[in-house]
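In what follows, subunit A forms one complex with subunit B and a second complex with subunit C.
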Partner chain A sequence: MVTLTMDGRKIEAPEGATLLKAANSANIEIPQLCSNEELEHYGACRLCVVEITHKNRTRIVASCIYEVAEGLEVNTRSERVLNVRKLVIELLLARNPRHPSLLKIAEDLGVKKSRFEAEIKGCILCGQCIRTCREVVGVSAIGYEGRGINKRVATPFEESPPDCIACGSCHFVCPVDVIPMKEKDGVRNIWKTDFPLQKCESCGRYFAPVKQLEYFREQYNLPPEQFSKCTHCR
Partner chain B sequence: MEDKVREIISKYDSDKAFLVPILQDVQKEFNHLPHKALHRVSVFLDVPISRIYEVATFYKAFSLTPRGDHQLTVCIGTACHVRGAQNLTDHIERILGIKPGETSGDLKFSFDTVNCVGACALGPILEADGDYHGKMTISKSNKLLKKLGKKVVTDEED
Partner chain C sequence: MKKIKTLEELEQFRKEIQAQRDPKKTVISICAGTGCLALGSKKIAGAIKEEIQSQGLSLKVELSAIKETGCPGFCERGPIVVIYPEGTCYLGVTVEDVPEIVSKTIANNEIIERLVYKDPDTKERVVKDSEIPFYKKQQRYLLGKNNFIDSKSIEDYIRLGGYSALAKALSAMKPDEVIQEVIDADLRGRGGGGFPAGWKWHSTRNAEGDPKYVICNADEGDPGAFMDRALLEGNPHSVLEGMIIGAYAIGSRDGYIYVRNEYPLAVTNATLALDQAREFGLLGENILGSGFGFDIKIMRGGGAFVCGESSALFASLEGRSGEPRAKYIHATDKGLWDKPTSLNNVETWANVPLIINKGAKWYNGIGTEGSKGTKIFSLVGKISNTGLVEVPMGITLREIIYDIGGGVPGGKKFKAVQTGGPSGGCIPAKHLDTPVDFDELTKLGSMMGSGGMIVMDENNCMVDVANYFLKFLEEESCGKCTPCREGILQMRKILDLITSGEGKEEDLDTLEWMGQAIIDGSLCALGGSAPNPVITTMRYFRDEYEAHIRDKKCPAGVCKALIKFSIDPENCTGCHLCARICPVEAATGEKKEIHTIDDDICIKCRACYEVCKFDAIKIM
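Moving on, here comes the complex of A and B:
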């Protein structure tokens, strides 16, 4: 355990923990959009910045990727921190001016309107969809395309993603809901591609994408009849 | 295509760490990065195609569309810029009928701009198929384009 000071309070945190995690366990709220317990630390959204003091010098760091250290002094609500957060949320609002989760953070920071001209992209490039697909699902069907101002989330060659199993994790994890997914007549549509759903043998309900069930069977060496019934009928 | 890709990859012991040099070699072989070749690289290296697509779209040196037989690049770094790189760029755009980053319809020429080639004393620089041509002027560029097989109609009397 290491002891550090956060907003004037002495708190303890396990070694190797991030400042964000330490703050959350001490009930200190820090806004963030890209950090996810199931995923590796990433540091994309920059909303979680805090100010650290080290030998008379202060520095702005992203708390979701900065590890706790003995005797570290952290200020999560200094004027400098709040100014950076305001700037960041305004930049994010320029990309997506309407999503409630962004508007909520903006309101909390006292930001009424973005100073920047709207350049609506929807996606805020937090990378949670890509990282979930890679790290949790393990298929890596989607990725980034391009770089700088042209960077965006895309399927390879903007075609139907060959590795996608239609699990919908990217749709679920997206903090600004910009990955559409629809289900109709036994077909799930995601990434502009139709994936047939498996029909339950006994109740006739469509319960999961065929490709996802195939993927599970392959991963865990399950018999072919494993997922012929839905969870209720099993 | 498959054999060629396999040959390139075996040169690097099928090591994923060499993805960029492998893609460079693939591009050299096929003059761009064909989708099929990238899918082969993905299978042989056991790297997801989404990852390869990320790398291929990240670097400006990689092209997913066919390139022209001749590559023309104008340096638009500061030194070249103040010596008239913009005029040169406009001129080449007009002659070839394409914008930077594009390839002419007959696949003869590709045209790009670059932010500095590190030969500022010789600005403006026009790079043609890897050769640097310094102190470039409109009329010198016309000569060069003619040498590369482009018909250049100019107002000047030759």
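Moving on, here comes the complex of A and C:
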């Protein structure tokens, strides 16, 4: 365990923990949009910045990456920190002016509205969908296209993603709900592509995309009859 | 060539090739740097070789004494041909000049007056290259050899003492002593950050992890900068020698040179140099019989400005997309493939042999308290002598711009100099006497960067200039983090409004606030410095911003929405040139009568303004 000071309070945290995690454990709230414990460090949204002082040097760091250290002094609400957060949320509101989770962060920061003209893109490029697909699901069906302001999340060549198993992880992880997914008549539609669902042999309910089940069988070397029934009937 | 296996063999070889060349014999250096090549220097070199043959001078000038060299820096006046031992320097040479050069100067030591340098002010003629004002105040420890080395010849490099620093390090110094020497020399990185190279090596050497990597950053992405290119193209062995010494000091066996994709000649020359060094036993196993082994691979860059940033460069070398990674662990602990890595700039590496040969004490005698040695700048923009200049740290901006650069051409007034590349800052005239070093430039809100220097005159609008750099950075932002990707875009949009006359009073406060938050909040140093051009121009040229916003005027007469072209009847002679050049027939009038410009039609292309010989076109 290491001891550090956060907003004037002495707190303890396990070695290797990020400042964000240490803050959360100490009930100190830090807004964030791109960090996810299941995923590798990314540090792109920059909402989670904090000011640290170490050996007389003060700087701004992303708390979702920076690790706790003995004697570190952390200020999670300094003026510089709040300015970065306000700017970031105003910039993101220009891409997505309406999503409740962004509006909530804005409200907490005292930002009433963005001073920047909205150019609605929806996606805030936190990258959680791409990273989940690659790091958790293990398929890399989607990725980034373009760079700078033209960067966006896309399927290869804008076509139906050949590697997608329709698991829907990207849809569920998106903090601003801009990856649509629909199910109707035994078909799941995601990334503008129809994926048939598997029907349970026993109850007749559609329970998971056929491709996803195939992927699991392949991954774990399971027999072909595995997953012929839904979890209830198994 | 058989491998050189010992120190003694290297010195023996050096003596042999030195003996082959009588220092009194003629050597002709033709610049084959990228600038002069574009102006036809290859043809000139060929013509000189032919002429020497046909005029029967082959005995006087051997083929190997006709050298196609790297860039000597004075690109403004290329193609450049220098004839040694006299050092007769001919500028702006063409193929047509060649027969005369050979028959007069080479055969009879006669000077061709029209090809020598003439001072634009005093009209004084200067024959010797080292006497030309452009070179006189320079101290060319790194670039100077470019004139004497055929960039494709390892023998030339060895003849001039090349690889003696490596021999010294391997035979007489322990790795720690090499590092100490570089620490004592106070060599700071030339790629932008100015981090002490010796300490970087020290950390890499002492870091846990194996293998350790040594990398040369030759991505040089700053628009208008070409110092690394001139070194790697013109004198590649000096960079290799520095890297081999560094690898020995750090304990690395694997090196990389990461070269900007748009530098094919640098790739060719460096690749050739690597092959030669391997053949001579200066790379590979058991270098000079020391037991130390090291080799270098060349990798071509990912083609984006941001690929020069260290974590993006590693990603690119690892085969991933060149995007910076946020981490708070030094590359010296976890760099390329998460192994201890020393990444240094081309120019940083090229300084190393110098330090080992001449010693830290000699080296840190040059420069200022906090910045030692020389720095190469690429001097461009509104300046008489465009080119590369190598100067001791601590020289003033005024000396660089006026004494070396020859000042602002066309009798225009100097306004600012932008240092540090696209995200550097603009420094106004009142700070021209600032000594140039890492810390002084930072104090002025600018930075050393990699050594770009863009001079601006009264015809540059500083709001427009800031907007220009911001646009560059907006396009080069990788798009990963919010402040850089979205923040630069929004700052640029505000500047667009200001330059088109739609700026609001509160914009200045917004820009200032955003600038600081982008610097504080960005993931890498691209965003972390991108607002600098805006912040410094607002600091030093606030009146220009205010004129755009309050008076809807562009004082420099640049921003199209805010200017009007008209003809001054006092000066107009009715020469009709303006009417002829105007692409939209806005300028009209009968010959020999006073002309007029119709503002409703005028597209503000400036063509009439540039073409008028009588100063009759006024911008308001």
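Couple of notes before you dig in:
Keep in mind that, in the parts below, the second predicted complex is superposed on the first by the 234 of 234 C-alpha atoms of A that agree within 3 Å, B and C clash if a C-alpha of one lies under 4 Å from a C-alpha of the other, contacts with A are read in each partner's own complex, and residues count from 1 in each chain.
Everything below uses one rule, namely that contacts are C-beta pairs under 8 Å (C-beta built on N, C-alpha and C of every residue); 3 or more make two chains touch, one makes a residue touch a chain.
This one's a predicted model, so the numbers in the text were calculated from it and none came from an experiment.
Of the two partner chains, neither subunit B nor subunit C is touched by A:L103.
Once the two complexes are overlaid on the shared chain, A:E145 sits against subunit B while remaining clear of subunit C. By the touch criterion defined above, A:V88 lies against subunit C but remains apart from subunit B after alignment on the C-alpha atoms of chain A.
Once the two complexes are overlaid on the shared chain, A:A26 sits clear of subunit B and of subunit C alike. When the shared chain is aligned, subunit B comes close enough to touch A:F157, but subunit C does not. By the touch criterion defined above, A:A17 reaches neither subunit B nor subunit C.
Applying the stated contact rule after C-alpha superposition, one finds that A:V136 touches neither subunit B nor subunit C. In the superposition on chain A, contact of A:V61 is made with subunit C only, not with subunit B.
Using the contact criterion defined above for the overlaid structures, shared-chain residue A:M181 touches neither subunit B nor subunit C, since it reaches no partner. Subunit A has more of its residues touched by C than by the other of subunit B and subunit C.
Common to the subunit B and subunit C contact sets on subunit A are residues 144, 146-147.
Subunit C contributes residues 304, 321, 326-328, 474-483, 485-487, 489-490, 493, 510, 513-514, 516-518, 520-523 to its touches with subunit A in the complex.
Note for the complex: subunit A touches subunit C at residues 41-47, 49, 60-62, 65-67, 80, 83-84, 86-88, 91-92, 94-95, 115-117, 124-125, 127, 144, 146-151. Here subunit A touches subunit B in the complex through residues 130, 133-134, 139-147, 154-157, 161-163, going by the rule given at the top. Put simply, subunit B touches subunit A in their complex at residues 35, 48-54, 57-58, 64.
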